[in-house]
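Got some structures for you, see below.
What follows is chain A paired twice: with chain B in the first complex and chain C in the second.
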Partner chain A sequence: MKPERKFWQSALFWNVAPILAALLFTTLLMLAVGAPPLRAFVEILQGAFESPQKWADVAMAWTPLALIGAGMSLTFAAGLWNIGAEGQMILGAICATWVARNVTLPQPVLLGLIVLAGLAGGALWGLLTGSLKVYARVHEIFAGLGLNFIATALIIWLIFNPWKPERGATMSGTVPFPEAAWVPRLGNTRLAPLSVVLALIAVLAAYFLLKGTRFGLELRAMGKNLRAAFLQGIPTQRHTLVAFAICGALAGLAGALQATAVYHRLIPRISGGLGYTGMLVVILANYRPELIPAVAIFFAAIGVGSPRLELNLQLDASLGGVIEGTVVLFVLLGAGLRKRLGGARPPSTSEGS
Partner chain B sequence: MDPFIISTLASIVANAAPIIYASIGETLTEKAGVINLSLDGTILLTAMASFAVAYNTGSVLLGFLCAALIGALIAGIVALASIELEQEQVAVGFVLTLLAADLSSFLGNPYVNLAGPYLQQQPFPLLNRLPIVGDIFFNHNLAIYGSFAVILAAWWWMAKTQPGLRMRGVGERPESAFARGVNVFGVRYAYTLLGGALVGIGGATYSLVVKLGWSHNHTTGNGWIALAIVIFGGWDPWKVAGGAYLFGALRALGSALQRNPAFVNVPTQIFATAPFALMILFLALTSSGLTDRFLELFSPGTQRRLERLIRGRGPAALGKPFQRD
Partner chain C sequence: MRIALENIHKAFGPVRANDGISLTLEPGGIHGLLGENGAGKTTLMKILSGYQAKDAGEIRVDGHPVNFASPAEAIAAGIGMLHQDPLDFPPITALENFLLGFDNRLIPKRREARQQLLSLAQRFDFPLDPEAPVERMTVGERQQLEILRLLALGAEVLILDEPTTGISAPQKVQLFATLRRLAKAEGKSIVFVSHKLEEVEALCDEVTVLRLGQVTGHEKMPVPLETLVRLMFGQSLALPDKTAVPLGETLLAARGLTIPGYRLTVTGGDLEVRAGEVIGFAGMEGSGQSLYLRALAGLLRPKTGSIRLAGEELVNRSYREFMARGISLLPADRLAEGLVRGLSLAEHFPLRRSTPFFIDWEANAAYTREQIAFFNIKGTPETPVEALSGGNQQRLLLALQPPDLRVLILEHPTRGLDMESTRWVWEQLLKRRNSGAAILFTSADLDEILTYSDRVVVFFNGEMLPPLPTPEVTVESLGYLVGGKRPTPSEAHET
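Then we have the complex of A and B:
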């Protein structure tokens, strides 16, 4: 006879409990510093959803996360840690800026060229990370980080030297691009529909690549067991390079769109930590591309809503990041706990003395 | 010797101390087979917490203790998640990096740019009177002398003692260590917690010794450098320390060049980021095939010695979960 499942063994419990635990943790944290937890959560939600403008802002913030998440679903599938998405975004934004400043063409053609430039710049930076791993045996985490530092230095040098405004360079970036290089916006919102469409295409393409092609199957085989995949005749080095190039290209596109659709100029913090947040998105989506769009909405909403904490409650906006990080951590721990309590392993006995 | 050179060298020794605590701590953790990737966030959070505690209690010692505890706590989450819950160490460590960094910004907000207590100068008796060496190494404070002691102790423990040998066994071949009756999980917990505590002391060494006080993202990047230095140093305490001093030298060089009038047009951020990029480049070069070609130029004996000098092999079971059955 099938034993009756208790509530705490149900899937619903394990999906909801970690999130509640994370909210409880952040509530206690706020109480500890004397902040009003309920008002803080309400402020974040209002800041994200109180008006159509805010909804549009959430969609705007969703775009780069979905693009980066789509790319990282490929690298993660192959067991690769592309921590260099920040640098890849920056390179995409730099290449797009070069086009926007130097090329005069009808708007549709120019925007097409900007998209291509973003893809190319990011792909180049991604390929560099992949090459360092494949040819120089540098772990991709350190190769990616090193290239992030170099990209940061490069963008600051560009903004402070060749591309500095006539009135002098500041951390607020270059002068605005010519209007032909602005990605058109929806009404009086800050949302560029083209960006959202591109991000949706990227997520669909990543899903199709992973689930419906031989390349995707082989990437997943590499992620399960690299050595076995290599012995099976899968060209693991080439696949590593291709995965990094695709992921870099999508991050580069995200950077290009941040410059041409959101800020209309190149700013030093164009990547703004989105490369790292994108990794959290994919981890929380349990590395499944089909879940990335929904998970990215959660992160985008917190990103748009949390600056209100500073305005209305004098709390640091990093509380948004604390909530995000706590949710991801508790979901990871919850998944492990569920596996452990699921009875897959015999109850532990005392180990060797 | 020129007093300017001596003072520069002394500042390199001091500025390397936090990185030494963190990278030696991580070396111990990784030697036992666990990767604690959370260093960058842990250093930020412990730097903030130790300053806040010292500011509120007036006790620098309490600040250091609190930092060690928080460092061990974060490392404990990594150990728990990887040993008990069989989650991926790198993923958990990465999430903790971001979470601890954001926590440091959120909780540290009231402490930004405050002047607070710090560890007082304390010349090392007798040794500080040595010519040159005394000025470079022994005219600092307890935290800096502690960084020397940590290098020495880690080397002695790993190379010369029975428990150190067991710990290396657990990192290399946990199955055989287990068969010989070693408590694999216990050893991994112990060194992950110890390593985390040292990382925390490193964080406190920033805010209470070498980069006083607290500001947002006070130490960002240094944790990643400490992680890179563990690989660069081939998991050997002496070479790891060498890596930390090399990084300190690069930063000192950066700030010296920045003051040079010839570079007045270069934005200061370039000098701040260049040492990080260079450090990674070193890592790349020492592990690349180019180094193999270079080594082939020497006689086999020299080749072996040089190879040992610049390259180290990681523990074989690093980052791999161990299953008892």
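Then we have the complex of A and C:
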């Protein structure tokens, strides 16, 4: 007989409850600082979806998150903490910028080259993180963090030295690229369809790689039990390097597109913390590529909508970041609680040995 | 302090580590706890010292029932345990380790503690430097430090789990002198956990022997060694007739291997394994047989020596190259090293088979179902491996092995398995043997080794003894060798 299950034991409850708890928490937070919670939420939603322009902005903010999320779903599957997506984005943007500034070709060819340069730059930086882990036994978190700082230093040096505008360098970055290096936009919106298509392809590719290929299965085996994976004959070092390279390539592509489709120039804060937000996207998507597009929309909408808080409610736009972080924490908390409560139940299958 | 353990039970999954053990420890004596690996000695002592919870049973100290929830509670009651692997903190100094546990103030009184450590060390003549980082101390010195720490915490009962592994001969002499002094002059109770017959013989006043989680005997020392051996290993079974398999040519030849390990460096003598041969490796856990076999599997790189498979030198090749040449290892800890927890049965097969890059999951599920039926695994393609019982995990591991293996290396192939699974596993292994594979395995079960091996290799304390043909060995003589005693002339069959 099937045991009767209470509502709080159902999957639905555990998926919805953490989000509600996070909203409740941010509501209490706003009440504590004397802000009207309901209006704040409505403002964010309106700020994100009130016009086609805004929809286009959300799509553009979605693109790098989806790209980075797709890449990180691979490194996470292999049990690797790639926190170096920021640096990988920057390297992709730098390589794309070099192409945009130095190569003159018809637009389609040039854009193809820019995409490749972004992929290559990020892959190189990812590979460096992976090599430090594999060959020098530096934990990937420290390697990634260190390389993020180096990438930041590098981009600032480039903008303020070899690539500075003739009028003098500022934090607003290099001079705009030649128009041939701009990714074409849809009408008068800021939406560059090519970027969105590339991101969708990346998510689909990550999904099929993990679900349908030996490589993906082997990555998942590594993530669940590295020792057993190695003993089964999986080339764990090579796979670690490849996973970092792919993740870096996609982050690098995100960086290249930020430069050529969004800003049309290289700016010092080209990565803008998206490398970290991308990590939150994957965590909230429970490391499943198929959920990344939806979760990335949530983050993109909050990112696009929360500046309105500043305009209309005199609240700091960072409240958006607080909501994002709170949701992730509560979802993780929910997953932990569920496991704990679930673990208390008697095991469902018991076979004699 | 008089300690009575009554009817202690502890199970780890299907394995009954302690199966109704009763034991009394009188004050002021050295009590030996003897048994082969997996007999339940360490589990019992961990329960007594608060590291592990018992499933059932009672512990009484001076007649009062106690229930220690942590080692801190046990030591507060005067029971301290010295673990086989010193549980200290290598990067910090001896003094700081000494302070752990007994000074709960925020700012420890270092000077007092230093004085106490030095005077204790002097009393027992331990040459300890309070400021030396523990990582630079020898195992013996760390052990001395831990003994002093437990004494300073007020231990009346001192449990030592295999304390002589990894310490030097002079340190051992000193340790024994210290233990005698603690027991005779200072009235402490010592529990000496060991598998080494000689040491129990030399040190203990009385001894309790465990086998498979149960007490098989309690003796006042001195007692004839044969008695202890019989209690430890049980009566030997009549060996089944071995179907003669003609041995093929030499498949695997290892010469002069030395393998650096954590505690000891293993020195392996020469070994030639012929196609169709089964060789059992006996020895207490940590005596070197495991490291030796892992070196033969390509997992550990020997410092010196050569490993040849059908004439080809393999030393310094990678583990994957060993695998590609048909050498495979089935590790003892099936869930930690053999299988991937969280992946299903079906997801395990493509890891080991040369399937194409794109996996045809439907075909794979069909293949998995075939294997499940053939290997009689209780599970479905979707079952996660951790839901399988130990026997079924071992069946799956065997099912995963490629058909054309040349050398199969197994650690404890039937540990934790019931009779039926054990018989079945050996049926599979002997089938592979019959088709020309060589089988090398370790086991703590001497009967298993004598039943299935053509030759037996014994390791003691990191040293490999020359291989013995099985017909020349009995459970008794093997027990002596495993316990570090060379056979007496009546049983000797030196070749």
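Convention: the second predicted complex is superposed on the first by the 340 of 353 C-alpha atoms of A that agree within 3 Å, B and C clash if a C-alpha of one lies under 4 Å from a C-alpha of the other, contacts with A are read in each partner's own complex, and residues count from 1 in each chain.
By our rule, a residue touches a chain if its C-beta (ideal position, glycine included) is under 8 Å from a C-beta of that chain, and two chains touch if they have at least 3 such contacts.
If you're wondering where the values come from, they're calculated on a predicted model, not measured in any experiment.
> I'd like to know which partner A:161 touches here: chain B for first, chain C for second, both or neither.
First partner only, chain B.
> Quick one: classify A:228 as touching chain B (first), chain C (second), both or neither.
So A:228 only meets chain C here.
> Tell me which touches more residues of chain A here: chain C or chain B.
The partner that reaches more residues of chain A in the superposed model: B.
> Once the shared chain is lined up, is A:78 touching chain B (first), chain C (second), both, or neither of them?
neither
> Looking at the overlay, what does A:218 touch: chain B (first), chain C (second), both, or neither?
second
> Which holds for A:321: it touches chain B only (first), chain C only (second), both, or neither?
The answer is first: A:321 touches chain B but not chain C.
> In the overlaid three-chain picture, which partner chain does A:33 touch, first (chain B) or second (chain C), both, or neither?
After superposing on A, A:33 lies in contact with chain B but is clear of chain C.
> For chain A, which residues lie in the overlap of the chain B contacts and the chain C contacts?
In chain A, residues 351-353 are touched by chain B and also by chain C.
> For chain A, which residues count as touching chain B in their complex?
On the chain A side, the touching residues are 29, 33, 81, 83, 132, 135-139, 141-143, 145-147, 149-150, 152-153, 156-157, 160-161, 169, 268, 276-277, 279-280, 283, 315-316, 318-322, 324-326, 328-329, 332-333, 335-337, 339-340, 348, 351-353.
> Going by the contact rule at the top, pick out the chain B residues touching chain A in the complex.
It comes out as residues 37, 77, 80-81, 84-87, 90-92, 94-96, 98-99, 101-103, 105-107, 109, 178, 181-186, 221, 224, 227-228, 231, 265-267, 269-270, 273-274, 276-277, 279-281, 283-285, 287-290, 324.
> Quick check: in the complex, which residue numbers of chain C touch chain A?
13-14, 299, 319-320, 323, 329, 331, 336-343, 347, 350-352, 355-359, 361, 378, 387-392, 400, 416-418, 421
> Using the touch definition up top, name the residues of chain A that touch chain C in the complex.
212-215, 217-218, 220-221, 224-225, 227-235, 349, 351-353
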